[in-house]
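Every chain is named by a letter (A, B, C and D) in the order it is written, and numbering of its residues begins at 1.
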Amino acid sequence: MSNDQFLTTRMFFREAVGRAVREEMEADDRVLVLGQDVGAFGGSYREFDGLFKIFGPERMRDTPVAEAAAVGIAAGAAAAGLRPLCVITYMDFLMIGFDALINYAAKLRYKSGGRLSAPLVVKTTAGAQGQGVAHSQCIEAWLISVPGLKVVAPSTPEDAYGLMKSALRSDGPVVYIDHKRLFPAPGNVPVAETVIPFGKAAIRRRGVDLTIVAHSYMVRVALETAGLLEAEDLSCEVVDLRSLAPMDVNTLCRSVERTGRLLTLEEGQVTCGIGTEVATRIFERIGVRPWIRVGALPAPVSSNPVLEAACVPNADRVAQAARTLAAR
Amino acid sequence: MSDALLPLRRMMLIRAFEDALAARKDHGFQLLSTGEEAVAVGLSLVLEDGDQLLTGGRSIGPALARGVDPGKLMAELLGRVAGVNRGRAGRGHLSDQESGFFGAHAVVGGNISIAAGVALERKLGGGNGIVAILFGDGASGAGGLYETLNIATLWHLPLLFVCNNNQLSVSTPREASNAAKELRDIGRAFAIPTALVDGLDVWAMAKVAGELVEHVRSGKGPAFLECSSLRLRSHSTTARETRSRDELAQLHKLCPIKLESARLLTEDQITNAGLEEMRADAARQIEDVMAFADASPYPEPEEVLAHVE
Amino acid sequence: MSNDQFLTTRMFFREAVGRAVREEMEADDRVLVLGQDVGAFGGSYREFDGLFKIFGPERMRDTPVAEAAAVGIAAGAAAAGLRPLCVITYMDFLMIGFDALINYAAKLRYKSGGRLSAPLVVKTTAGAQGQGVAHSQCIEAWLISVPGLKVVAPSTPEDAYGLMKSALRSDGPVVYIDHKRLFPAPGNVPVAETVIPFGKAAIRRRGVDLTIVAHSYMVRVALETAGLLEAEDLSCEVVDLRSLAPMDVNTLCRSVERTGRLLTLEEGQVTCGIGTEVATRIFERIGVRPWIRVGALPAPVSSNPVLEAACVPNADRVAQAARTLAAR
Amino acid sequence: MSDALLPLRRMMLIRAFEDALAARKDHGFQLLSTGEEAVAVGLSLVLEDGDQLLTGGRSIGPALARGVDPGKLMAELLGRVAGVNRGRAGRGHLSDQESGFFGAHAVVGGNISIAAGVALERKLGGGNGIVAILFGDGASGAGGLYETLNIATLWHLPLLFVCNNNQLSVSTPREASNAAKELRDIGRAFAIPTALVDGLDVWAMAKVAGELVEHVRSGKGPAFLECSSLRLRSHSTTARETRSRDELAQLHKLCPIKLESARLLTEDQITNAGLEEMRADAARQIEDVMAFADASPYPEPEEVLAHVE
């Protein structure tokens, strides 16, 4: 093997997504993309820039504004043997496609007794960036409670690349979640083709006093928090879930066993949230430790800059919670 | 067996199958297609092996018409492991793609976009197989129908929309389900070929469906077929009947099996004895079907976690 | 005041629902019902028997099969000043109406700055009764995570009556959840008009060794379990949440403080479930106690009688968990 | 002010308002209606005080046309507490029901059923107010439109469906959004009155909308109006433009304000100086509007938990 496997190249998050999709489309002609503005436009976040030129309108399919049918068509195509990537611009509108995703695709293998399955990937974006009450939600917690559904949410270009590739090879259905604020983020991505398997968390920063578990954009907030708290001699370990379902409970447990404290952080609601599930699974395994959950305040996310900022977690709020936790 | 008798024979099999199922105490509940046999059989006469049919929850007649093994189907409906889906799908969700029955999905309107996805695979795969989606007058209220019609037309998908207008959606009459004068007007809005056919006449069904199937198979995109039929039983085996006995008695005179039997008699294509023998044949076949299903056990409780992922 | 206030009358659960709706429709002509088969048919579970005769087709409105529009129309009518009860036969299909319910109605007061609100009640049914993978789900946990949404789920005719009345008087939106198995259940309901306020749990059985917290049909399973365990000298307290959002954390805390152990029980998935939220809120307040969560196995609910029974909790499974818990 | 000049004046106000907004650095991002002013203004000319208008996310022009206070609207769009919704709704969700603008809802197709609910209240309330719902060509792909059209027709709701066909849904051209030959064919499927109007001509808009409004107001149920207009800017102030400069320059010649100005000049109803003065008036008004908005503060962060329940 050449040294290529250790070489990396710098690219934006959105480019990493596009590269993964391109490679998988080149390798497997069953892969196709469908969604609004995925064709000549190149995707709402330019994440498909250039793909239309290569693959044309048959495999980069613009759909009308019809999320329910788009997910349904993707699910049916998957059941019939294709590997569609269905793009839903905002996670809020994934609700409109829930029937096909949850009532059909996620249950297909089960209900057919293993004779059919739906290797479908739904790619969507979560989180707040000035777009208001119906374009800012994070509802991944609902999804991880659905038997048969896999859910991943990268926080770096490298993971976006590797998880998207795994998603497109998975026998799904998979929901792959981007965050609006991550698309312009740069990062190092391996030059060689690599995949990141589902079910593996990543330790982003080592620490000894407490573990912050987060995913997607909140990993960056967690790292910022850890930076802030370093000055106060509070050492935070930051674990990036990456894959929410399946969840890497092993890595989580080992981290919390080391640090002895858990702070769960998410951009969505804490009620019945990801953090609560993370804590429960860890404590079921290793016994209870001091834990604080941080997430959005219990309010809709307004497009108003002041109210949006007040609603979703930021490093100050997380740091405050971490100090309280450390004092326990 | 002469071709002329085939449709009647198939309709009789469906009727005998469903009657036998309905008589069982252990069937949970079922959505039967009494009165709608000609739609399923007529349509299936013009579908080919490489085609796929999808339906809503009222799936039994269409599955049989497509050639799903009756024994395995009965086992499925009774929850036995010999069923086409190991007894876990039931009437609302059964599938047997090898027989060209891609599956039922009991969410009203929910299977229409799924069918379009199957049609997209057919189109990209390059064969000349087509897909037919059978849905009810009730489903004409669901947005998924329109979204899918629109996309299927834009994409020239090989998809035949078949609306089995049995005049009822649970308790809601056709007129209260949809404001369109004819349900095929929905197809007309998207400028695709449409037809309205007497869904009680199995030969008319086959003829008109055949014309539209040809259009779809030729790669010209979808078409819309409205079939006027009758639901001669209550919505499900546990649902209240909303029509009077008298009204039902009148409607039963239009039973597609009666109509076809009468036609064959009038045209001297069959005798009363011949009809009787056909009925007896179907009954015998269903006895075997029941024996097959009953010989199969329920799944073990441990299977509950199988095939989740 | 007369003695009437202490008199009760026996009725089925479905009748109690119907009575509440009738009384509220008589008292307030802004109340109307819309949904599939709610008119002359009297409701899928006969819960509206007789109402069509009294109120006619304008106020008992049959809708086509169009859940998305039905919820949207109800939400718009509510915003404009009516008090609609929108009936969604199965909770699985409430997903189809999520956009109007969650993206519009639940956020309307917030986004309008308090100038508009949507006093809408969505009535639906959850739970398994032989209807298979797309007619059996319990997704109330998703709903309680939505800011602005209230969620109630009665387990007795009396509560069905009192909570439905509160719901129809609430400035909502409210999701009121029946369970298919409860409609034929009989019970005593006050003769006098009464309402049951939201946010009040009910202790259904006193016990000293552990607290079972449940809602809807699972309260009956909890009571059956408590009966079984009595013979083993294990004394279970059974708390019926009744109102999931808002949640009566006070009553829950007092019970768990007394018994020292918590078993949460629900028919839905435990992942990000109601039980996990119940435990978290209690322990945040009073500190951690031994806890076990019981819910459906992580699989779809088949219509197959064996698989359905194996998937959802029954008294034997709950008893087993309770014994494990008691041993901690 | 003469009635003959009123529509132009209103269109100029919208244009000046949106241009001023677009020039601000602190507006987040906005969906402007340049090229679509005649649709909003023409429609509003025939709506009355007791009526309500609802829209998708492209709401600014329609809100102004309905008479929402420009100062409070600007404050809203800039996130200030003097806004019609205390600055928390923004372009996508603003409402001011007292002005007959029941609200925007930025979910494409999502506001259509909401509007039908408002119409149901109007109908049951017994007044003769009606509701108009303005949606785009893109929204014609959404199932909610069809579900609502069907129910509104069945229930004879006083609801006017107004499809502002500006030829684009983000990057998707009209032809790729909907397979119907004309978008009003969607209304035809449900057998309601429909019309197609040149949405760049404010007087034609008013006339044709007026006819349908009359139908709706008379209690005969809904109607469907397709307005052919143009989106002369990119989808949003942060979205990429997909058309070439040349193409856009050609399209700008069809700007409804230009067309109406030219008409008035040709018919000697106004002079060039008069036009200039009108433009200056609008500019002055917008200066006041900006001053009003800027004088208002952002909400306090503590307000984040207000009005949740």
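Just so we're on the same page, a contact is a pair of C-beta atoms (placed from the backbone, for glycine too) under 8 Å apart; a residue touches a chain by one contact, two chains touch by 3 or more.
As the structure is a computational prediction, the values presented were derived from the model and not from experiment.
Which chains contact both chain A and chain B?
Both-contact set = C, D.
Mind checking the centre-to-centre distance between chain B and chain D? Centres are C-alpha means, answer in whole Å.
Those two chain centres are 46 Å apart.
How many Å are there between the centre of chain B and the centre of chain C, using C-alpha atoms for each centre?
Between these chains, centre-to-centre, one finds 36 Å.
List the centre-to-centre spacing of chain A and chain C in whole Å, with centres computed as mean CA coordinates.
Their C-alpha centroids are separated by 32 Å.
Identify all positions of chain B at which a residue touches two or more other chains, and write them in rising order.
In chain B, residues 87-89, 93, 105, 107, 110, 140-144, 147, 150-151, 154, 176, 178, 308 touch at least two other chains, as defined above.
Could you pull out the residues of chain C that touch at least 2 other chains?
Where chain C meets two or more other chains at a single residue, that happens at 63-64, 66, 68-69, 92-93, 99, 103-104, 110-111, 132-134, 147-148, 298-300, 302.
Connecting every touching chain pair, does the picture come out as line, ring, star, complete or other?
complete
Quick one: in the complex, what on chain C touches chain D?
32, 58, 61, 63-64, 66, 68-82, 84, 99-100, 103-104, 109-116, 147-148, 150
Flag every residue of chain D that touches chain C in the complex, lowest number first.
Going by the criterion above, the answer is residues 52, 83-89, 93, 95-97, 102-103, 105, 107, 110-122, 124-125, 143-144, 147-148, 150-151, 154-155, 306-309.
Okay, in this complex, where on chain C does chain A touch?
Residues of chain C touching chain A: 68, 92-93, 95-96, 98-99, 102-104, 106-107, 110-111, 132-134, 139, 141-142, 144-148, 268-269, 271-274, 276-277, 279-280, 288, 293, 298-300, 302.
Which residues of chain D touch chain B in their complex?
Listed in rising order, the residues are 140-147, 149-151, 153-154, 176, 178-181, 185-186, 188-192.
Once bound in the complex, which stretches of chain C touch chain B?
By the definition above, chain C touches chain B via 36-37, 39-41, 44, 62-66, 68-69, 92-93, 130-135, 297-300, 302-307, 309-311.
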